[in-house]
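Pasting the structures in now, so scroll down.
One chain, subunit A, links the two complexes that follow: it is found with subunit B in the first and with subunit C in the second.
Take a look at the complex of A and B:
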């Protein structure tokens, strides 16, 4: 299953390609010269803060907005100007947009009215969809007589009933309460794997994106910043924005001294001797360049004993600790007075605020950013 | 109404306001059951004037004309007013949209005498014979504005994503409007129709300007007979009109209640 996100899907032709798409609203640039290929059968998540243009991108795909420049191709066919009701893709709206005057079954069957199906075929398809989302008992209820989680499933069944090539999900979990959200996330992923339909979700929640998607496309101010598997995006962020948007990160500025064997020696305020960091792929900082060392809190370890000659070891004073059960979050102050976040394991001793400890990280745990 | 308290002051002002509105109406209704021939002298209870109404040919004719005019003009006003509301609510922003919205409302605040006079000038200039259709046009002009206001209010509280969802699911924009938007605003449309009906049925001013010989509406007939003296028969006719108007307004209020489900 994992290789769907990697090689197998990559070899397949893209289902939809956005080719240098630009969309303006007045003077505001909502989508800025964006190119992206969506592979057949993948679960792609458009991730970004509010106002980054991800919702506009969804509306462009659905056909509710027309780009000012660029093309949208569906299996090589230009659908840029095709009206939304002719596109073989469906949206699950954030508000669900269920028709309040129709029953659950009639909502699910609404999209089938416009397909050349017999009455019996329509009825069977509705029954099948209701079974898929386990709502057979509620078929005759009105949308205002069912719970929020059930409404979400009706919206999902309605959007899938036409067997779209691509399902667009606009913030699919935002309207649900926290506990239901995690459960639904798993269900959505399982459903997508079962149906093999291409899913594209939009979210501002990085946890949601990491938990569902095969591939994450991070957007910032109308541009696509990075697209890759959750692991790639998290561990090798393309820039500071991606690094800090996906989870927590410590950014430490430094100067490159030299490089050797794929390692850079970077002078940082952490300690007197330079730290060793794996050289970034595709970029080659020269000696003397100013860079940022991105270090995830959970990749910093507490060193026991003296271990003075461990690479990338430095001393720091614990200024605050927060025990969260699974992890112990520490705020530590390093030599130059700046603060770092450290996420230590649950077995770490607590009650050490004010003490100085030794910390370290592996050269491969840090990333060099411009 | 959560903040409302029934203090003596509130109760008094409500009673005063209601009295101001309804005492004259109640008098008319009461005197319509007066046995006496003199309209203002009480002579016991009787329904003889209602029976006499049935015998009054010109009055019945006028009532039938008023009903026909009200049905036709309310239908026209409902269709046109609903379309105007849809255009104002759903259309993309266009220059002067606010001005258009204001212009739709203008007939509501324009003195009816002015509207009537301008329509009369128009009909004369066009050389139209005044009668049934000119009154219909006049009443449609007035009622259209009210229908637009009622339907627009309902459309604005409707989630625009509902129509988009329908289109996304394969409905053409027209089919989406007919199968989703229209059923959801139907109560407001029906309420608008009833209000338009009442406006037309009760109107005296516009009808006086727009109608010609041979097309006398019920309010015109009542008004002209009152000039010869108020008869109990007129009271009976007026009472029936009050009843009809209350029924229609009550229906309109129930149907266009905000948040009502189809």
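Take a look at the complex of A and C:
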């Protein structure tokens, strides 16, 4: 129920919420007891590997699938069984699904046919939408006579023409080539900010998700693993899956020795002395627990000089280096023989394969995972 | 569409070209020649006959003997007009009926779960395993006054006296629709099955009810299949002989029957040939219209 008594409560009320939704296809569980609230005006990205149920979730929201259990609420109203054509939301398909027998303008205007608009109003809205996506000149073309990027914009204009409360985008950038993808990503984000429409996109590409979304919901095998801002899910991943799906991560196993001042002392194979790691929020590993220390490659720094007793310092041998312009990727071997990835800055000296260097990381740079 | 240079396209077209020349153009030329002759009590039963291929005088006599009298007779005689118009009317009516029955069938097969589709398609073709003649005889058993249909209707208490369906135009229409249904369903299915399912979903997402989504997306996109099916049915139905002969009454006039009786009953080969040529010319119309439509589409797409 929406609490209309206070404006603050109304603002916090979700636009759409999934309440313990489950969807099976035969014996396969596509969406497993999933609850998620989508806030009004946010840009939410459902992120996960293929087959994690993110597209099914989108189809459940659009109304093409009906959940086997659970409810979908739109501003508190149960729309679980409402057919797609009655839902005040629109979807942009991965394949765009443009009507091949209609012109660009007729495609954009298709959804307006069923609205109580005059002919002039309809024409104006189509013109406005075409202006929004900069396709005025192509209004009379057929979809098969325009480029892939233009088709994507037609699909976007068509989905926005009915001024939906919520726009669903199924892998909106996947069909575009790499250069166009980055440009379109920025455009989509700017468009969302301009219109204030709630956007929910689905992607398997973490960079795409980080680059567009206000909030990322990471899914694995039909379940919601973690939802949070890009920074939250990247820096404080909920588990190993999230940590390794969003970017690269070094997972180092260790044993908790003790804790003091919000720091854990963890014995790891990196070095003889224990490393100091910020204690995780909400969980409190006990002494003697086996844990994983998650350490992003770019949070490991090269220390100058082999001596010195900086905290969390350890020696490692460089076994490979890859110069990528903006970063220098190193593979290093630590005391116990295991390999770590390190992303060093562009100013780092190259040509040091075989040398032993001293590395270190700040206690706040690492995360403790179970 | 890309044009292939003539030099390379020629060998590809040679085989079907020769086939058409040997089995269509040549026989058609012979029929056209006979249609310009006049009937005679002779063997073969028409004249003139060319006396010698290398003899100029024989050629002159032969050519002077040809004429358009049979066509004048066709145009002047009401029988041929009404047979022609009746053929076109029955063909048009049955094509409409075929579309009305075949479309939902094709749509149902195209929307069926993917693993069922091959079986359903196979089932529409199953009747071809039995000869058309036998299947039409079976319809006689069904439709005759003491047949199964009347028996069932009387048994159900719906009628008291048997309906006379056999030997009427209704029986002809039933037989034609039955026999030609696969020719309507298969091209329609071919076109409906290729549609991206996301298109209908997109329509419904954009506010179109299932019925509106059908009329604005599914139906317009299936028009090519419908046109192909209609052509495949309409053209042979105009010349249909077996079905009207077995199921129709004496008042069901169709070109095929007229042709048959001129040829076998009256032994008037030239007049029968003229009917055949006239029928071919009538049928060139819809075929050309279909081709023009396809060409226009191809142009819009290229």
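Here is the rule we go by: the second predicted complex is superposed on the first by the 357 of 370 C-alpha atoms of A that agree within 3 Å, B and C clash if a C-alpha of one lies under 4 Å from a C-alpha of the other, contacts with A are read in each partner's own complex, and residues count from 1 in each chain.
Throughout what follows, a residue touches a chain if its C-beta (ideal position, glycine included) is under 8 Å from a C-beta of that chain, and two chains touch if they have at least 3 such contacts.
Everything quoted here is computed from the prediction, not taken from an experiment.
Participant: When the two structures are superposed on subunit A, do subunit B and subunit C clash or fit side by side?
Facilitator: Once both complexes are aligned on subunit A, subunit B and subunit C clash.
Participant: Now for A:162: first (subunit B), second (subunit C), both, or neither, which partner does it touch?
Facilitator: A:162 sits against subunit B and subunit C alike.
Participant: Could you look at A:91 and tell me whether it touches subunit B, subunit C, both or neither (first, second, both, neither)?
Facilitator: In the superposition, A:91 touches subunit B and subunit C alike.
Participant: Between subunit B and subunit C, whom does A:114 touch in the aligned arrangement: first, second, both, or neither?
Facilitator: Touch partners of A:114: subunit B and subunit C.
Participant: Going by the contact rule set out at the top, does A:70 touch subunit B (first), subunit C (second), both, or neither?
Facilitator: neither
Participant: Same subunit A residues contacting subunit B and subunit C, which ones?
Facilitator: Of subunit A, residues 62, 64, 83-85, 90-91, 93, 95, 97, 99-101, 110-111, 113-115, 144, 158-159, 162 contact subunit B in one complex and subunit C in the other.
Participant: Using the touch definition up top, name the residues of subunit C that touch subunit A in the complex.
Facilitator: Going through subunit C, the ones touching subunit A are 196, 198-199, 201-210, 212-213, 216-217, 220-221, 300-301.
Participant: Taking the complex as given, what residues does subunit A use to touch subunit C?
Facilitator: 62-64, 83-85, 87, 90-91, 93, 95, 97-101, 110-111, 113-115, 142, 144, 158-159, 162
Participant: Spell out the part of subunit B that touches subunit A in their complex, as residue ranges.
Facilitator: Interface residues on subunit B, with respect to subunit A: 159, 161-162, 164-173, 175-176, 179-180, 183-184, 261-262.
Participant: Write out the stretch or stretches of subunit A touching subunit B in their complex.
Facilitator: Subunit A reaches subunit B through residues 62, 64, 83-85, 90-91, 93, 95, 97, 99-101, 110-111, 113-115, 144, 158-159, 162.
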